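I'd like to ask some things about the structure below.
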Amino acid sequence: MKLKNVLVSGLAAAALMAGTAGAMELKIGVAAEPYPPFSSPNSSGEWEGWEIEIMDAVCAAAELDCVLTPVAWDGIIPSLTGKQIDVIMSSMSITEERQKTIDFSDPYYNTPAVIVADKSLDVEPTPESLAGKIVGVQASTIHQTYAQQYFTDSEIRVYQTQDEANQDVFSGRIDATQADSIAMADFVESETGAACCEIKGSVAHDEAILGSGVGAGIRKGDDDIREAINKGIAAIKEDGTYDEITAKYFSVDISG
Amino acid sequence: METLLQLFGLTESAQLLSLSEPGWGANLLRGLANSLQIALGAFGFGLVIGLFGACGKLYGGPVTRDLLAIYTTVVRAVPELVLILILFFVGTDLINKASEALGGGPVEISGVAAGIWVLGIVQGAYSTEILRGAIQAVPPGQIEAARSFGMSPTLIMRRVTIPAMMSFAVPGLANLWLIATKDTALLAVVGFSELTLETRQAASSTRAYFTFFLAAGFLYLMVTLLSGVVFKYVENWARKGQPKLRGAG
Amino acid sequence: MMEAIRPFLVPHRIILFLIFVGIVIWAAVSLRWDWLPEYALLALEALWRTIWLLAASVVLGFLLAIPLGIAQAIGPWYLAWPAKVFCTIIRGTPLLLQIWLLYYGLGSLFPTIDGIRETWMWPYLRQAWPYAVLALTLSFAGYEGEIMRGAFSGVARGQLEAARSFGMPPFTMFRRIWLPQAIRNVLPTLGGETILQLKATPLVATITVVEIFAVSSRVRQDTFIVYEPLLLLALVYMMIAGVIAFAFRKFEQRIPSRVSRN
């Protein structure tokens, strides 16, 4: 199925190439694990969400020919450096540690990190309050790094997907989870989330670990791709497309 | 039908699994098709490696034999999950490097092709051993007889060795095919949209973990059972004209 | 000692060995290993957990496989049939799916069970390792149960008849004659099955159990170094597999290999 898509779009690109030379073909890597409301597959197998729409808008504005490519989140940076994909657009925060390996575009959203826990549990989003508790985080995220750095007196469990961490807060196996505020707002409004959990507040900011917003990951040296993506992001912020898409999903401004 | 579902409180599960829009049944089936495609490809690729590997191990020079021994030992001692990760990253890296050396750009590698390559290498090690054992089990007298008739080595291979070894190889290969179908599940960990990953996506989107994992388990089980029936036929066909095994089963 | 080394003193093997040494030196010099000291302690702990998981699931799984084998070999239909269904289901579905079904499937039922958080079981239900042990044990029992069925059927009827004619009570007969011989029948396959089980252990990393595979993933995630942790991990698994193969071979040699038949 996917192969056919790639082939078809490849042929289309080749056909277009003759006429409108310059439409760069890019494979955009998205984590294969659902991350609502930013990116998740729906029941007909298509990807949807805020970030997917932003991606389409950026690609259209920058006249890029983008092919969405799901990749395991856990291996998304090696996939980029190994050239299986050309761009990461998967809610990846810009951090110093990652910048040693890859480059980033300008940030396209920025939200705080929050702690979600069982309603009956009286905790604050601080290391002291979470001491002795079990905190779940998604692997390879800023939240994992943060939890391992600050919540030294808590037991840290590392999950493959945020959804699984949420599920274990719901089942009661873990006491709390740390994740992005928007994704968590979506979870606590969902049927299961509303039954069990609430946001306990955002954690103390640490720029070095939590980074300065979410950007598109690009291989070092691919400056033309970065330029193109930056141009696209600037363009959709300018002409109102960005706000339009955001308003469809969120009641707050997340552009940071 | 509907009253029956209501009776067991399964209306909700049936809705989740339905093939049309709000249900995720079509996703599971699409995943199953991908899984089978990868499993078939990997099994075939593995068989090709296995045939060369077995011949190399039996008739090759000492270096070939040692290298093949290293290959089969390493693959059979390292967990498939680890091999899949290594081969997945190494494989695409190598292909891209090779294409760059030849002056081309990065090559488009579809998930299915990468999955077939990764699992095929793993399957190749096992089928090498199975086919080697099967070739060795062919009574030497049959091959000697063929040789004394003046048959050429390729003709002996085609007319005598391969048909005679089939009956020894089929049970092992049947088992290997089942391993191939089940190993495709491991590709979920590197993000291929095969049955297990589709199941996981459906389960976490709907939070109906039990329903979807059970449904996927049922699909895998059907594949296993159907394969069992098919391989029984193949085995009977391969055993054609041979005396019945004593106390079979 | 010389006898053991002689087969390796052929020219092509020496060259292969030198190439291997060259690769190791190249790997040690030009690949990145600076992350090792930081994770060494964690890796050792995790290695111990892998071995512990393997040992526990093999022993428990084997104990469970014995009744499964007996039920299928001689049990009445109401025992043989469930045992057969169990083995078929375990062998017919991927272990990864079984692990997720046990962990997330059962977990999703917890909130519907009142008072479960007050029971003595709750601290265990919250941990990930009991599910890992359970899933691995059931899996091993499923595969080994099928083999045990053959092993029990393979014990010569005459021996059992002889024991019965001596007036041996059924349980003594089982303990003294049937079980030891069935176990001896499966012994040659047990080493291989244990290595297969070793290769199944990394799957439990997906339900947050921190075993050796999980540590290698963590190194990969923290440092973005891809190949080095994976290669080292492969080497560790090969060494464990080597030790298992060696131990079972030694063990097998200590058991009388053939009793006279008939």
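When the chains are written out, they are named A, B and C in that same order, and each has its own residue count from 1.
Definition applied: a residue touches a chain if its C-beta (ideal position, glycine included) is under 8 Å from a C-beta of that chain, and two chains touch if they have at least 3 such contacts.
Just so it is clear, the model here is predicted, and its values are computed rather than measured.
Number of steps on the shortest path from subunit A to subunit B, with steps defined by chain touch: 1.
In terms of C-beta pairs in contact, the better-connected of the chain pairs A-C and B-C is B-C.
Ranking every chain by how far its Cα centroid lies from the centroid of subunit A, the top place goes to C. Subunit A and subunit C have centres, each the mean of its CA atoms, that are 38 Å apart. Between the Cα centres of subunit B and subunit C there is a gap of 22 Å.
Chain contacts: subunit B has residues 85, 89, 189, 200, 207, 209 touching two or more partner chains.
In subunit C, the residues that reach two or more other chains under the touch definition are 104, 107-108, 206, 226.
Of all residues in subunit A, those that touch two or more other chains are 74-75, 78, 160, 164, 167, 170. Note for the complex: subunit A touches subunit C at residues 74-75, 77-78, 98, 100-101, 134, 136, 139-140, 144-145, 157-160, 164, 167-168, 170-174, 195-196.
Partner subunit A is touched in their complex by these residues of subunit B: 21-24, 26-27, 30, 34, 85, 88-89, 92-93, 96, 106, 108-113, 189-191, 193, 197, 200-202, 204-205, 207, 209. Residue ranges on subunit C touching subunit A, taken from their complex, read 104, 107-108, 110-111, 117, 125-126, 128, 206, 208, 210, 214, 217-218, 220-222, 224, 226. Partner subunit B is touched in their complex by these residues of subunit A: 1-3, 6, 10, 31-34, 36, 40-45, 70-75, 78, 82-84, 160-161, 163-164, 167, 170, 190-192. Those residues of subunit C that touch subunit B in the shared complex are 10, 12-13, 16, 88-89, 91-98, 100-101, 104-105, 107-109, 195, 198-203, 206, 213, 216, 226-227, 230-231, 233-234, 237-238, 241-242.
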